[in-house]
Amino acid sequence: MVSVVQVYEKPVLNNPVLIEGLPGIGFVANIASLHLIQELKAKLFAEIRLSSFQDIAITADDGKVRFPTNEFYYHKGRDKEERDLIILYGNTQALTTVGQYELCGRVLDLARDLGCNYMITLGGFRRDEKVTTPKLYCAASDTETVKEAVGLGAEIMEGQIFGVAGLLVGLSKLWNIKSFCLLSDTPGFYPDAEAAREILNAICKMLHLKVDTNRLDKAAETTREILGAFGISQPSQEEKPKEEEKSHPWHI
Amino acid sequence: MVSVVQVYEKPVLNNPVLIEGLPGIGFVANIASLHLIQELKAKLFAEIRLSSFQDIAITADDGKVRFPTNEFYYHKGRDKEERDLIILYGNTQALTTVGQYELCGRVLDLARDLGCNYMITLGGFRRDEKVTTPKLYCAASDTETVKEAVGLGAEIMEGQIFGVAGLLVGLSKLWNIKSFCLLSDTPGFYPDAEAAREILNAICKMLHLKVDTNRLDKAAETTREILGAFGISQPSQEEKPKEEEKSHPWHI
Amino acid sequence: MVSVVQVYEKPVLNNPVLIEGLPGIGFVANIASLHLIQELKAKLFAEIRLSSFQDIAITADDGKVRFPTNEFYYHKGRDKEERDLIILYGNTQALTTVGQYELCGRVLDLARDLGCNYMITLGGFRRDEKVTTPKLYCAASDTETVKEAVGLGAEIMEGQIFGVAGLLVGLSKLWNIKSFCLLSDTPGFYPDAEAAREILNAICKMLHLKVDTNRLDKAAETTREILGAFGISQPSQEEKPKEEEKSHPWHI
Amino acid sequence: MVSVVQVYEKPVLNNPVLIEGLPGIGFVANIASLHLIQELKAKLFAEIRLSSFQDIAITADDGKVRFPTNEFYYHKGRDKEERDLIILYGNTQALTTVGQYELCGRVLDLARDLGCNYMITLGGFRRDEKVTTPKLYCAASDTETVKEAVGLGAEIMEGQIFGVAGLLVGLSKLWNIKSFCLLSDTPGFYPDAEAAREILNAICKMLHLKVDTNRLDKAAETTREILGAFGISQPSQEEKPKEEEKSHPWHI
């Protein structure tokens, strides 16, 4: 077994937008996507297990085993305006570079199969300075989509985006999917509900989603518990400051 | 060659239970499964060799080469009550995460092909404190199976289960197999016959197996010899205390 | 997804020569091939993405995501003398040995499909001493091709050639492609336009290419910017002095 | 490309014996097999290139590129007594465990296709003490073959055999090939012609090969040159003393 993609239901969706929300810096994406799932009562329809996830199981009070997995949820817009969604949520990214590529390929295959041609990946942008109101940053697959992201109030990001959030945007063109990555300022070392709120507000407005962000702290708390139980450290950084890389590209 | 599954015989079994007994903490699973094989005169019917096992051979007094392998044995219940068994026994787990997933996938494929829909994985739960009477701990694939395991006198385990014992339980749902993991207290640093005895007593009662545990020390001694010859250190921990992981899930 | 080879156009070429120009020592190959592409207005026709490339995306001023990729360009000779070319250009080599073999296999498959039976790989030969006029060095797949390379004014190289530049020449025979590697002296720690100029002069003469090398500094500057943004350190050395390896072949 | 098996000629052989001679401890196997090839004028008929070999090329005086490869030679017995041979010779083993398994699988596939059902793997057994006359040691796939190896004057070996020499014997049963490993005492840190001579004398006698061992030093010298140029350190040990492993099988 190298990977298992289990599809429980094949939803019929109308031009859906995929929102990626795997663990990363400040667990911003994780919190935002979990909150969307809970508030929209999005429905689990598929699951991915990869041999490049950790080989562990964990148990909690109820004795039921939990394990590293990535799940797909869908939401059908409740009125004419609200967009259909595919939400990628999970407790891990792949542990290796090869695994990250495999994971992204599977996600893009599945998205294309459901008629998706637009994707938003989420993440945190670590700041050493104290963050008061988190700013948003964006990067996109193409010039047109850059403009749409900037229209959300995001600044154009300069630097490197690591992990699935960056890789999906980098690969999406090959699947004929347009995409942008939306990052929020965060100190990064705890599940950051405030950074997630900024991102949620922006994408809810763009996609005409009616979502109350009052219970965001609950999603942050759940995220803390789940990941704490797994002992999963952040699988990859979504962003690194540009300067430090500049010093060693010609080293051996 | 990535992996070879050699099937010597395809037994016809009646609703068999798979018992996993690969090397791990205190070699508890290894001793218990070897003892079952010897006492029940279970019959070898298949073998798995993976490219993620060690690339060595070892020799003993008789000059015949031994090598890293996983074997499948079967036992047909000797009366109406005694359950049919598939026993997974071996001298190694896979050396890599990807290999562990591949191994588990192969095991689950083979089990499903033989009509198995129930699995028990075994292991040790390392204790720093002195263990007088080993307690049992359990975790399961679903709520119903948690209850069955608790019915054996096991406490619900909280923490992480590493290696094949945990991974099989985590994956079994995708193969429509119910499963639980049964761990026994053990200091963990020697082949622990006493911990194996507790586990054997519990599962023999549950599965109505008539097995004498008097000769368990012999199985422990054989285990010591085989693994000593291979120079195999414990391939993975089945359990780690929960506290130490809690401190670093948000580190980079 | 393990790898994606995207072919945008299948050009009809007349006995084309493949020129390899991936990043390496002094980025000599990278500069030379970029300059060829720009001066000849060579046309992008295919792209390779491998799961053994880095899993990052980077963004610049315009917000558009860039990512690790290898591209193929073609040039059709503008007169009877000028040879048709396939130019392999990119911002990375594969990160692992297995990936390097996969990349080379893909490149050779694609080259053979287009009727290519001659290949020139480029690179830098690091010198600790100060380089005034860079000398050229060569190695080839067969004796006849050695002579052709020596005919360009190159000395026969002695030593090891790491990375795609060496591996392609080592493998080409199995694809019935003749090949040589052309290296130029370079201090190696910056994008070296002078080393690239020596190489370009030699291959342009051999292949009757009319290419102005005056704007080479621009290609070096672009190379510096692209690679700096990626934070990619040199993925592999094309050459190491022979002496240092000699000391440890029989160590354990 | 993961691996390329290039078959130049498919020889018709009569019950051939495969002799493995890849680099290892003291390069004993490498020297012995090279000598056999040279003295018997054995003919190259196939070649294996794996993505788990090193990704380098090296050049020597003549400018022709050399590269990591494994080659197959055959020899047809020159009289009724002399056995047909397949000789596996090369300048490397695979760099990873997975690669070693893949290599062995390919070798066994190819051997079986040519009607081979007997294999001898060669190697050195490192001794810290000074070796005056090297002793021979053996291990085999089955009891009958142990006897045949002991009949050559070899002692039964106790311990671990690493690398292809051990792995091939461990796997051969699954391909219905009987096999033994023949090791010779050696200090191990230089290409050891004396150890190779002991082994050659034994197998030539067994297989009724008429081979002069006077020029063995030449084979050792060639081995030294080839491997020195590649800068290849010994890819794996064929043997380790049994004691040191015994101390840590129950560690974590």
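Think of it as A, B, C and D in the order they're written, each chain with its own count starting at 1.
Here, contacts are C-beta pairs under 8 Å (C-beta built on N, C-alpha and C of every residue); 3 or more make two chains touch, one makes a residue touch a chain.
Note that the structure is a prediction, hence the values are computed from the model and not measured.
Shared contact partners of subunit A and subunit B are absent; no chain touches both.
Fewest steps needed to get from subunit A to subunit D, stepping only to touching chains, is 2. Judged by shared residue numbers over all numbers used at their interface, subunit B and subunit D contact each other through mostly different positions, with under half in common.
Here the C-alpha atoms of subunit C line up with those of subunit D after a rotation of 90°, rounded in steps of 5. When each chain is reduced to the average of its Cα atoms, D sits farthest from subunit A. For the pair subunit A and subunit C, the distance between mean C-alpha positions equals 36 Å. Inter-chain spacing, taken between the CA centroids of subunit B and subunit C, is 52 Å.
Annotation for subunit C: no residues touch two or more other chains.
Taken chain by chain, the contacts form a single closed ring in which each chain touches exactly two others. Applying the touch criterion to all chain pairs gives A-B, A-C, B-D, C-D.
By the touch rule above, subunit D contacts subunit B in their complex via residues 97-98, 100-102, 104-106, 108-109, 138-143, 146, 149-150, 156-164, 166-167, 169-171, 174, 181, 236, 240, 242, 245-246, 248-252.
Taken together, the subunit A residues at the contact with subunit B in this complex read 1-2, 4, 6, 27, 47, 49-67, 95, 188-191, 227-234, 237.
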